[in-house]
C-alpha cells in the first residue's frame, strides 16, 4: 500500500506535535479571541469607541458561570456535559443584561452629553478598572477551576501513528460554540430586521435615525450580543484552562488586534482576525527545531540545528498581536475585510 | 387647509440663529421648491422641519397636527420622509436592504412598495443585490429617494436631490420626482438648480438671510426679474 | 471665585491634609509620601503636555517609566567587574555590530526603489533582510546572554552619577517616544491607546525576561541615591533632601513649561489643538509638532519615572503594573485639570495622598467588616482579604475617572484662556 | 500677465465618483479670479487640491512655475499660498488677537528651545508681532473684541478675522472659499473692500469660489465656470452671464422642466 509507505517515511511524531501545538492550539485561542473580537467590533461599529473592559466582561461572564456552578452543581451530570457549559446560556443572559446595565449607567449619559470619542474610550477604561477591582475583591487573585467533581474532563486521543492527536472536551465545545455563534450572528445580521438595522446604524447613524430606526434599541441589542458572546468566550476559555481574575488583561490586546485586522464593524472579519492572531501566536512561539530534527540525516554536517528555534521566545508572546496590529494600522488601516475606520 | 404649514420659524445651531422667520405652506400633491443663495437657510429649513434642529420660535403644522420639534422617528410615522443631501444611503448594504431599512417602521408587508419603487426607478431593479455604495451618483440618489418612499409618506423632503449630478442625470431625477408627485406624494425640496426646479414647482420659496424673500408659484417666480437678479445678480436677461 | 483664589484655597486645603498626615503618621512617613508624590507630579507634568496640550492619548506611561528607570540603573549602578573581565563585552560588541550591519542593509534595501528595483521586490528583500538580521542577532545574543548570566549575573551599571542616569533615562524614554510617535501619532485616539498599551507591555516583557541585562525577576537593588542615604543621615533628613531635589525639578520644569505655554510655541500648540485643518493652512507642521510634544512629554515622564524608581531603591521589572499606575497618573492629570500645569501638580499631590491613605483606610474597613461579619453571622473571611482589600483601590481609580469625566471634565483647576493685555 | 497658479490636466477620483475631471486652468498674478459653477461641479475639490488638503489622482499643479503637486498645506503656506474656508475656521478657544498673532511663520518663539531659554529674542519679536496684529485688528474693525474668545464672535466677525489672518500672513496668493456665505450685505461690502484693497495695494492674487453673483461681478475678472468636474468657460463676468451654455448649466432647461 503506497499510503502506508508514505506514512512510514513521514515523521509522524513531529507532525502530530505540530498539529497539537500549532493547529489545535491556534484554533482554540483563535476562537476565544474571535468571540471577544466580535463584541468589540460590533461595539466599535455602532458606538464608535474601543471598548476596553471587554476582556473583563469575558472574565465576569466566566465568574457568573462559576456562581451558577455552585448553585446547580448537578446540572452537568444530568446531561453528560461539563456543568459550566450546560449553565453557560444562563451566564450569557446574565452577562448580556449586565452589559446593558453598564451602558445605561456609564456610557449612555456620556453619549447624551455628546462627548468626543476619546472621552468615551477613557470612560471605558475607568469602567475596566472598576470591573477589575470588583472582580479581584470578590474572587481574590488566585486561580480556580470551572469544574465540579462530577464532571469528567474528557480527553480524546486520536492515534496517528506514533504520538496522539489530543483534543479535550472543552476545546471541542469551544470550537463548536464559536461556529454556532458565528453562523447565528451572520443569519441575524443578514436576515433579521434588527440585525439589518444594526448594520444600517453602523453604516450611517444619521440616516438610520431619519429612517425611523430607534438607535436606543440598536445600542441595546449590540450590548446584549456583545455581553452574551463575551460570557461564552470567557466561560469556555476558563473551562479549557483555568479561571483567573486578571485573565482579561492578557487577552484584550489580541482581541483588539483581531477586531482591527478583521476590519472594524465586520463580524466575519473578527472571526478571521481572531484565528489569524491565534495562529500567528502559536506559529511564532513554536519550536521549529522539532520539525527540523527528522531532517538531520539529510542535512550537511556544518548545519547545526539549535535546541530551540522559535520566531519569538514564549515570554514575548504579547509582541505578536501587537506587531500584527501595528502592521495593519500602518499598511491597511481598514483591516483585511475593509471595515470603517474613520468617523 | 394646506398639508404643511411652517409659520415664522426661527432656529439654528448653538447660539447663532440661521432661520429668522421662514414661512412655508404647501398643499397635498404639490411640489414646493426652496431656492436661494448659499447660507440662506434652505437646508436648515428642511432640518428644522424634520426635527433635526431645534426650532426656537414659530410653529410647524402637518395635516392639521402641530409637529413642532417632534423627533424624526415620530415624524416618519406622521407621514413625513426626508432625504439628506449627502450620505443618504447605507453604503455597505444592498439596494434592496436600503429599501427595507426605509420600511423599518412598518410592521405590515412592504413587498409591493419595493416593487413600486422599482417601478419609479427601473435601473435599481437590476442592481438590487449590489451594495449601494458601489452605485453611481444618480443611482444612489434613486436609492435614497426610494428608501424615503418606503414609508408611503404624504410629504417627501428632498435636500438638493441633484447636487453633483451630471445634467443628464439631473433631468432624469427631476422626471422621477414628478412621477412620484403624480402618484400622490407631496414634495418639498431644496434646489441649487433653481430655474429648472422652479419650472416644475407648484409653489416656490426664495430664501435669503434666513427669511422668505419671495413666495409664489413657480411660474411667477421665474417671471419675476427681481428673483432672477438674486441668482445671477445684476438682472441679466436669461429668460 | 476668581481662579487664583481657587488655586490658593485648593492648595491650602491640600497643605492642611498633608499636615494632618504628618501629625498622625509621623514625619518620616509624611516626607516619604511627599517625595513620591513629587515624582508623580513630574510624570503628571509630562502627561499634561501630551494630553492637555496636544490631546495625545498615551496609556503606555509605564513602559516609558520602566525604560527610563532601567536606563538609570544601567548608567548609575556600580560597575560589575565580573562582567567586564569576562567575554561578555566582546560578545555583546559582536551582537551590536551584527545589529548595526543588519539594520543598515535593511534600510538600504528599503530605499532600493531609488536605484530602480520594482516595489514588490523591494518589499520582499527588505523583509528578508529584516528576518535574517533578527535571526542572526538572536542567534548571537543567546550564548552571550547565557554566558553573562552564568559568569557575572548581569551587566551591571556604569557607576556614573545618579543625575546622569536620570537624564539618560529621560532621553531614552524620549527616544522610544520618537520611535513610537512615528508609528502611532497619525492614528485616531483609540488606536493610539491600544498601540501605546502594547508598547508598554513589550517594554515590560523585555525588561522582565532579559535577565543578562536587568537581572529580571531577581531585581536590582539598592539603587544609588543622588543625596545621602537614610543609613547616613536618618530617614527624615535623607528623604527631605530627596524631596528637595525633586521639588527643584518640579519648579524648573514648571517655569519652563509656563514660559513655553505663554510664548509663540504655546500659542501654536493651542491653535493645533483647536483646529488642525486651519493650523495646517496657517503653515504649521502638525505632525512634526505633535511628535515634538510626544517626545518632550515622554522625556519628562522618563525623568519623573527614573526619580520615582530611584527613590524606592529597587528596580523590579515586574512591579510596573500597567493599569494601576498608568491610570493613577491619568486621574492626577484629569482631576487636576488637563492643560493646566499647576493643576497637574495639584492633582498629582492630592491623588497620591488619597491613594496612599486609601491603603490603611481600606484595610481598616475590611478588618472591621471581617470582625463584624464573624461575630454577627459567623462569616469566615477569606485568608487573602488583605490583598483583596487593596484591589478596592483600583476600583476607586476607575470610579474617579468616570465621575470626573462626567461631572467635572475640566478638572479642579481648569485650563485658563491666555489673554494679552 | 504671468501665471501664478497653473492647474494642468488635474483629476480627482473618490471611489466611483470623478469629482474633478481633467481640469486645466490658470490664475494670473495680481488678478482676482472667480470660480463659479453649480453645486457638485468640483470647485471645492479643486480648491482642496490646490491648497494641499489632498493630492490629485493625476495631473500637475504649478505655483509660480514650480511643481507643487502633492505638497502639504503647511508647505504651501511656506511658499506664499493661503486658503480660507467656506465655514470660517477659527481657533475658537483663543482670543481674537491671538488668532492673528499665531499666523506669522517662523517666529523664534515657535521653537521650544527658544521659548524656554531665549526669552529676550522671543519677547522682542513678540512685540513686533503684537504691533502688527493690533494694526490688522483695527483695519478689520474688531478692536473692541480683541480679547474675546474667537468662538464667541458672530459668523460675520469670524469671516473678518479670517481676512485678518490673511493680512497677517502676507501671502502671494489667497484662495477664498465662499466668503459671502451667511454674511449680511453691509458686512459683505466691508469684506469686499478689504479684498480689493489687499489686491490693489499689496498686489495679492485672489482665487475666489463664490455663489453670490453680485459679489463675483463686483470683484472678479476673469471668472472661470466649472461644470461636471472641468472648466466650461472663462472670461469677464459680463460675457459669462450672457452665455447660453452657462445659463443652461446653472439653471438647466432640460426636457423635465417643459414636461411639467
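All chains are identified by letter, namely A, B, C and D, in their written order; residue positions are counted from 1 within each chain.
In this section, contacts are C-beta pairs under 8 Å (C-beta built on N, C-alpha and C of every residue); 3 or more make two chains touch, one makes a residue touch a chain.
Keep in mind it's a predicted model, so treat the numbers as computed, not measured.
Chemist: Trace the shortest chain of touching neighbours from subunit B to subunit D and give its length in steps.
Modeler: So the least number of steps between the two chains is 1.
Chemist: Which chains make contact with subunit B and with subunit C at once?
Modeler: A, D
Chemist: More contacting C-beta pairs: A-B or A-C?
Modeler: Most contacts of the two pairs: A-C.
Chemist: Using each chain's Cα centroid, which is most distant from the centroid of subunit D?
Modeler: That would be chain A.
Chemist: Where the centres are mean C-alpha positions, what is the separation of subunit A from subunit C, in Å?
Modeler: The separation of the two C-alpha centroids amounts to 30 Å.
Chemist: What whole-Å value do you get for the distance between subunit A and subunit B if each is reduced to the mean of its CA atoms?
Modeler: Each chain reduced to its C-alpha mean, subunit A and subunit B end up 46 Å apart.
Chemist: When the centre of a chain is set as the mean of its C-alpha atoms, what distance in Å lies between subunit C and subunit D?
Modeler: Distance between chain centres, rounded to whole Å: 44 Å.
Chemist: Please work out the Cα centroid separation of subunit A and subunit D, and write it as a whole number of Å.
Modeler: Roughly 51 Å separates the two chain centres.
Chemist: Where does subunit B touch two or more other chains at once, residue-wise?
Modeler: If we look for residues of subunit B contacting two or more partner chains, we find none.
Chemist: Once you've mapped the touching chain pairs, tell me: line, ring, star, complete or other?
Modeler: Graph shape here is a ring: one loop, exactly two partners per chain.
Chemist: Could you list each pair of chains that touch one another?
Modeler: Result of the pairwise touch check is A-B, A-C, B-D, C-D.
Chemist: Looking at the complex, which residues from subunit B come into contact with subunit D?
Modeler: Listed in rising order, the residues are 16, 18, 37-39, 133-137, 160, 163-167, 170-172, 174-175, 178, 192-197, 199-200, 209, 231-234, 236, 238.
Chemist: Which positions of subunit D touch subunit C when the two form their complex?
Modeler: That would be residues 51, 53, 72-74, 77-78, 82-85, 89-95, 97-98, 101-103, 105, 107-112, 114-116, 119, 122, 126, 129-130, 147, 149, 165, 169 of subunit D.
Chemist: Help me check something: in the complex, which residues belonging to subunit C touch subunit D?
Modeler: 256, 259-260, 263-268, 270-271, 274-275, 277-286, 292, 296, 417-421
Chemist: Which residues of subunit A touch subunit B in their complex?
Modeler: Within the complex, subunit A touches subunit B at residues 193, 196-197, 199-200, 203-204, 206-214.
Chemist: Which stretch or stretches of subunit A touch subunit C in the complex?
Modeler: Those in contact with subunit C are residues 44, 49-50, 52, 106, 109-110, 113, 115, 117-119, 121-123, 125-134, 136-138, 140-142, 249, 253, 256, 260, 306, 313, 315-316, 318-319, 321-322, 325-326, 329-330, 333, 341-342.
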